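Both complexes below contain chain A, partnered by chain B and then by chain C.
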Partner chain A sequence: MLIELLTDKYPGMRFWLTQRLTALVMAVYLVLVILLFVIVQPKDFDAWRAFVAPIWFKLATILFFASVSTHAWLGVRDVLRDYVFHQGLRAYLQIVVDVLLVFYFVWLSFILWNI
Partner chain B sequence: MRFSIYRYNPDVDAKPYMQDFDVELHEEDHMLLDALLRIKELDDTLSLRKSCREGVCGSDAMNINGKNGLACITKLADLEEPIVLRPMPGLPVIRDLIVDMTQFFEHYNSVKPYLINHDPLPETERLQSPEDRAKLDGMYECILCGACTTSCPSFWWNPDKFVGPSGLMQANRFIMDSRDQATEERLENLEDPYRLYRCHNIMNCVEVCPKKLNPNAAIANIKDLKIARAKDKKPAKKIFGIKVG
Partner chain C sequence: MKKNQPKNRPKNLNLFTIRLPINAVVSILHRVSGVALFLVLPLLLLAFQASVKSPESFATLANLCNAWWLKLMLIGLSWAFFHHFFAGIRHLLQDVHWMTSLQKARFSSRVVLWLVGASVLIFSVSMW
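Here is the complex of A and B:
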């Protein structure tokens, strides 16, 4: 099973694969949303609201942003592992980025749920 | 022809410096190595490795105008003056253009670059079909010059942990060998977060390889194989610490 690769038996592969899977979610979402834009062409505020209001759109957008956050978390984690060798500084920077990503995600969920 | 060459003799010099040379070349001097040997006639303290002078031994790998390559198969006509020569980056310098390759070969050894087969030794060779043999093309030609690994930033940042393009290509060379029986162990040997996964596909290795090989494709193949083999395994019980079954 492919899911096996996401377990801690694969400490390298799980993160590499997660980054690819989240990229796939982002790519599918973006293509679908762009297609929808082209088809629906919302022209005013009410049309925009109607466009993003359906629950499936909100759930897909939440999934998309969860993927963006995970992808960004792993990307930054990779960069910090490559370039920052001071363990304390690395942990500090990672926590700053993690807090920011969680904040953005909660903020976005809040916005979506208030539409 | 004008040259600027990295000089460092740890017994004498406090720190490295660049030395300029203007050397008169002979008609038969076509390759960079020919020019280096002319310079050695002017100053025999200049140190470099060389042996086969035809791109087979991999001894004279160095940084030529900012790009790693073999001096013996680099044409002088293709180089801009002054030709700047430095030792390969990312490895300790022993003297001038000679680097200490110990770390490089430790990674090479760590992938067990030899056939592992537990069957009784046959009377003749272990045979392979032409198709199976063809799977080793593009990998067995590696001459271990180190040009790829020492132009890889992931190796510069984590030289003790990241195996590097050359070592990973050798790992793939034995993973793909139909006569080898240690595929599972070889894949597990590269599961650490650093050994394989520090490769971010920037392809410096592909750009510099003097044998025109593609270590990046070999690295991608290892990852693909890991995924392909995992598909046949039993489902997982825990994902990121959460029980799923």
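Here is the complex of A and C:
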């Protein structure tokens, strides 16, 4: 039944499911990272660099931020559809948001790459 | 809209005279906090970049975070995060049909607000 809901017959269901799956990814990442942060308590620059340097941390963070951008894309999309009634303005704002989110993702990848 | 409906049906959308039920409060705050988190994303990325770039930029950021006004803003941001987090988990649980009766939904709304309050308090105290 779930599979049928994800076909072209119900296009909105994919967005719905994506919003929930990305939420789960973010929740798991945040709980783990916050716990780790509270346990390790990196006090200075060197400790903080050591905290974020491992490759698994970088990969997890990239996955996390991919979820953040997808989740934000769908969330802002819903907000724009609810409150911005002028079609042209809405489309324009949506493009601005999309470009920003892609830029943020590239930016974060760049930051992590340079650690 | 049907043709035979009068155009001047009474409607009341004055937000100052509508008393939102607690579930609606948690729901609209979930939206507000989500938009806030989206708007603050570039600042978070800037802060993260400064924190890992060099010892100097790390020190600048640490100094900046000692300012009282920035601490207040961080508390506000922590509210947005915790509310979006806990209200979001509540929505996920409702998606799997957990606590969806009106009475239980009101109860879980109160739980969310208490969890958010406690989390913001713990964050504020340990940060200050």
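Operating definition for what follows: the second predicted complex is superposed on the first by the 106 of 115 C-alpha atoms of A that agree within 3 Å, B and C clash if a C-alpha of one lies under 4 Å from a C-alpha of the other, contacts with A are read in each partner's own complex, and residues count from 1 in each chain.
Definition applied: contacts are C-beta pairs under 8 Å (C-beta built on N, C-alpha and C of every residue); 3 or more make two chains touch, one makes a residue touch a chain.
Small disclaimer: the values here were computed from a predicted structure and weren't measured.
Trainee: Can A:Leu108 be said to touch chain B (first), chain C (second), both, or neither?
Mentor: After superposition on chain A, A:Leu108 lies in contact with chain C alone.
Trainee: Between chain B (first) and chain C (second), which, if any, makes contact with A:Gly12: first, second, both or neither?
Mentor: So A:Gly12 only meets chain B here.
Trainee: Determine, under the contact definition given at the top, whether A:Val28 touches first (chain B), second (chain C), both, or neither.
Mentor: Touch partners of A:Val28: none, neither chain B nor chain C.
Trainee: After the superposition on A, what does A:Ala72 contact: first (chain B), second (chain C), both or neither?
Mentor: So A:Ala72 only meets chain C here.
Trainee: Quick one: is A:Leu80 in contact with chain B, with chain C, with both, or with neither? Answer first, second, both or neither.
Mentor: neither
Trainee: Touching chain A in the complex: which residues of chain C?
Mentor: 31, 34-35, 37-38, 41-42, 45, 48-49, 51-53, 55, 58-59, 85, 88-89, 92, 95
Trainee: What does chain B use to touch chain A in their complex?
Mentor: 153-154, 157-158, 190-198, 200, 223, 226-227, 230-231, 233-241, 244
Trainee: Would you mind writing out the residues of chain A in touch with chain B in their complex?
Mentor: Going through chain A, the ones touching chain B are 1-8, 10-17, 78, 81-83.
Trainee: Using the touch rule from the top, collect the residues of chain A that touch chain C in their complex.
Mentor: 20, 23-24, 27, 30, 44-45, 48-49, 52, 68, 72, 75-76, 79, 97, 100, 104, 107-108, 111, 114-115
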